[in-house]
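Pasting the structures in now, so scroll down.
Paired with subunit B in one complex and with subunit C in the other, subunit A is shared by the two complexes that follow.
Moving on to the complex of A and B:
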C-alpha cells in the first residue's frame, strides 16, 4: 500500500507568540508500507503532534510530508482527500461519538467520502467485524455502550474509511488487559488482511514488542532511534536514558545473560522467552550443560 | 486556532496594582470610569491622559500588551472618529469640499472621543483585568455584594458559578479543538458549503462537547460533595481578603482625582464641550 515519509519536518505551536513551543525539530523518518510501525517516546516528546501532521490536521512549519513520494500539501484544497487516505484515531476517540446509532456513527466517515449506500453498508459491516463488535449493536445508541465498546466503535469509524495508512494514538490507553488485547489484536488482523500501513502510538513496551514490526523512538521533539523491534530492544540502557524501558521479559533475559546463561538477547515476547527457556532446559536435561 | 483566544487576560506580576485587594480594584474601576465621564474640558482630558499613563506605568504591564488589547477596537474608534468629524457642525469651517464640511469642532470632538475610549480601555484593563486574576475578581465581587445576602440573593452561589465557569473555559476550548480535529479526521468539513450545511456540520462538534461538559459537571459536583461542600453558609476561606492601608489610600487618591477633574472643568475650561 502506501509508505509515508517526513522530510526535515519541524513544527512549532503558537509560532511568533510569547507561548511558542517547539514540538517537532527537524524530523526525518519513513514509515514503511505494509508494516506496523510502533511510535514510542516519553510524555510530551511530540508523538501526537507527529501523527496529526501525517494526515494534514497540522501543517508543518518547515519540511514536507510525502505519501508514496508526493507532498500531501501539494494541493492544500484537497487536504480532505489525504485525511481519507490516512485515517487517524485520536487518543480517547470515544469522546467523538455523536450519532443516534452506532451504524450511523461508523458511517460518518464513509458518508463524508461520498460513497454510495451499498458500499457504505459493506464497509460498516466489515469494520465492526475487525473491531469485534456484534451486528445487533449497530442499532443501539453509542451512548449506551460500555467504555471499551465505545472505543471500538470509534476505531471502526476510521477503519470503515479503509484508509491506506491507519494511525492509532494510544488506542489501548486505560483499558483492561482483555480490552487491550481485543483492540490491538483487531488492528493486527486488519493490517495483515489488507496489508495496509499502520502506525501505532503506545506507552506499553509489551504491546510494541507484540504487535509492531518496526519501532520509531522519539525523545524531546526529535527522532531518537529507528529500527526493527529486535534492534531497538537490544539497547535497554539507551531506552532507559530517554525515560522509556524494554519489555519486562527482555529485562529478565538480560539479567539471565548477566548471570552467565547462554541465551539469545533478542527476546521480547513471553512466547519467545518460553520457547527459548524450554529449549535450554531440555538441553540441560540431556546433560552437558553447566549448573547455574 | 481556538486556543489563541485569551480570556480574562490576567498578566501576572507584582506591581502595587497587582497587590491591591480585588475589592479595592473594583471600586477604583468605578471611580476611574466616573472621572472619565466627568471630564468635559480639554484640561480635564489632559489630566485624565496623564493619570491613565501613570496607572499604566505603575502597573508595569508592557505598553505593547496594552496596545495589542486596544487593537480589536481600532475599527470602532476609527468609525466614531470619522462620524464625529463629518457630522459635527460648528463655527470654524476647515474644509469645504462639495458636500463635505469639516469644522474645527468636529476634529476636536473626534480627538477627545479617541482619548476617552482609549483611556477608558487602557485604564480599566490595567486597574482590573490585567492585574487581577479572574478568581480573585470573583472573590472580591462576592465580598462586595455580600450585603445583598440579607435580601436573599444567592451571592455565594453566583460567585461559585462564575469561578467554575472561568475555570472551565480553557478546558472547553481545548476540548472543542480536540473534537473538531477528530471529526476533521473523519472528513468533516466546517468551512465550505451553504449556511445550512455549515450549521449542520456543527452537530458532530456540539453533541460530544455537551456530553463532555455534562459529564465534567457531574464529576465536579460529586467531587465537591465528597469534600463536604454545602453552599456558602458558615464557609471559611483559605485566603481571607484584607484591606490594608495602601487600599484605602489608593481609593482616597482616585476619589480625589474625580474631584480634580470636576474642578478642572470649572476653573480651566480651555475648550469647553
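Moving on to the complex of A and C:
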C-alpha cells in the first residue's frame, strides 16, 4: 500500500489578487503506508486545503505531492486516475447520496472507473460489509435509511473504489457516541483488514487517541508536530497553545504526575489508564516494591 | 412558577398514517427560570423535536406547553403571540455558516431587532451590548467569512441576545467547532446563564459539556430516561451506555475500576476530583 508525501508544498488562495491568503506554508510531511494518521489543527489551520491537495483537487503553488515517490502532477491530464487512488470523503458525505438505490450509489465510483459488471458487483458487496448493512438493503433508496446508515453508505461508495489512500474529513461529526463508534470502528477494521493508508481529520482528541496510530498537528498553515499518539499527547501545553486539547484521561494522568505519583506518562485511553492504575493498586496491596 | 412547563406532550411528524410513530411520548417536564439544563440523547431520540416544540416551530399533537405561565398550545394563540414566544426563546443551531445573514457583523446582529420594529437608537445600543457580551466588539465592522467557527457561533449568539430573550436553546451549537472554539462558546453560554440570568437549554453529544450544567435530562425514544444533577445522571454508567450514550472519561474510569472490586465513588465528573481519589489510593 501507498505512502503519500508532501515536499516543500505551499498553497495560496487568490494569488496575486488583493485577497491573497497563504493557506499552506512550505509543508513537509509523510503519511506512512498501512497506518491510520490523525490530522488535527484549529479551524483555518490548513487541514482541508491539505487534504484537497492530496487527491489533486487543488494544485500546489510550489512543491510536490508524491505517492510512493512519484509526483501526482507528473502527467496533469491523468490527474483523474489519482482521484481513484486517493479517496476523499468530505464532511457530511450523506448529502452527496443521489442514486435511486443503495447499490447504484455505491457502484457509482466503480462504474466511472470503467470496471466490468462482475468486478463492480464484487466491489459493492465488499464495500457493504463496511456499512454493517445486510444485502437486502441494497435495493432500498438511500433516503429511507437513518442518518448514521446514510453516512456509512456514502463512505462505502468511496471504499468501493478500493483507493490506496483513504482520507476522511470529520467522518463522525454530529453523531452520538454510538454512531461515532460505528463509523470510526468501521474505518479502523477496514484499515486493519486491507492494510490501507488512512488519514483521519477530527476535532475530537478522544477519537484521535483511540483510533489513530500517528498524529500530524497543524497550526497557522504549517506542520506543528508529528509523532505517535503517545508522543503527541505528552505535550498538553503545546497543544492547548494552538487551540487544541488532550483527552480528559490524559489531563488526569498529568495531574497525578504533577502531584508526584509515579505513573506512566503516555496514557491516552481509558483502557490503558485502567490497566496502569490497577497494576499500581495491586502492587501497593501486596505491600511490595514494584516488580522488576 | 416554572418558566417552561410541558404537560403530557406527544408529537409525531406523520400524524395521519397508520404507521404513525410518536417522536415525543407523553412528556412531563418543568424547567425553572435561570436554570442551565443539558439535554442528551442519541441521534433520533427526540431532543431537537423537543426544542422545536418549545419555540413554536412545531406544535404538539396532544398535551399542553406553558411558557412563562402562558399556554402556547391554546387554540386562541395569535400570530403576535408566536412572535413573542420566538423572541423570548431564541435558538442557536449547529452550523455556524447557516445562521449569519448579513455581510457585516453589526448588521447581522441588528437583523433580529430590526424585524421586531425596535427603534434605531435602541438597536444601536443593543448591538453594541450584544457584541460586548460575546467579546466580539472589535469585529463589529468585519465580514463574517473572516471569522473562525467559534467566533461565528458567538456572533449567532449575539444576534439572539439583541432580541433580549429569556431563554436560549443551543441545538448542538458546539459540534462543528475545534476544541478552542468549543471552549469559547461554552464559556459564553455559562456567562449568559450566570450573569444575565438567561435560561439555557443545551443539547449536546459532548458529555464534558453536559457536566457544566445544573441539570441533565436524558431523552430516549421520545421519553425522559434520566433527569437529575450531572453527578446523579452520570453515575448511571451502564444505563447510559445501553441507550447509546457515554459518560465523561474520568467517570468511566471510576466505573471500570469499581468493577474490579476497588471501592471508589462513580459520581466523579472532573479530572481534579478523580485525581484526589486516585492519589489517596496510590500514595
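Following the convention adopted for this analysis, the second predicted complex is superposed on the first by the 287 of 292 C-alpha atoms of A that agree within 3 Å, B and C clash if a C-alpha of one lies under 4 Å from a C-alpha of the other, contacts with A are read in each partner's own complex, and residues count from 1 in each chain.
The rule we apply is simple: a contact is a pair of C-beta atoms (placed from the backbone, for glycine too) under 8 Å apart; a residue touches a chain by one contact, two chains touch by 3 or more.
Here the structure is a predicted model, which is why all the values come from computation and not from measurement.
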Where does A:206 make contact in the superposed view: on subunit B (first), on subunit C (second), on both, or on neither? second
First (subunit B), second (subunit C), both or neither touched by A:2: neither
Looking at subunit A, does subunit B or subunit C touch a larger number of its residues? C
Partner chain(s) touched by A:251 [first = subunit B, second = subunit C, both, neither]: second
Thinking of the overlay built on chain A, is A:36 touched by subunit B (first), by subunit C (second), by both, or by neither? neither
Please work out whether A:263 is in contact with subunit B alone, subunit C alone, both, or neither, and reply first, second, both or neither. second
Does the superposition put A:174 against subunit B (first), subunit C (second), both, or neither? second
Determine, under the contact definition given at the top, whether A:113 touches first (subunit B), second (subunit C), both, or neither. first
Quick one: is A:243 in contact with subunit B, with subunit C, with both, or with neither? Answer first, second, both or neither. second
So which bits of subunit A does subunit B touch that subunit C touches too? none
So in the complex, the part of subunit A that touches subunit C is made up of which residues? 41-44, 146-148, 173-179, 203, 205-206, 243-245, 247-249, 251-252, 255-256, 259, 261, 263, 270, 273-274, 277-278, 280-281, 284
The subunit C residues in contact with subunit A across the complex are 41-44, 94, 148-150, 172, 175-182, 205, 208, 244-246, 248-250, 252-253, 256-257, 260, 262, 271-272, 274-275, 278-279, 281-283
Please name which positions on subunit B make contact with subunit A in the complex. 3-4, 178-179, 181-189, 203-204, 207-208, 211-212
Complex contacts: residues of subunit A adjacent to subunit B: 14, 17, 52, 55, 57, 80, 83-84, 87-90, 93, 95-98, 108-109, 112-113, 143, 157-158, 161
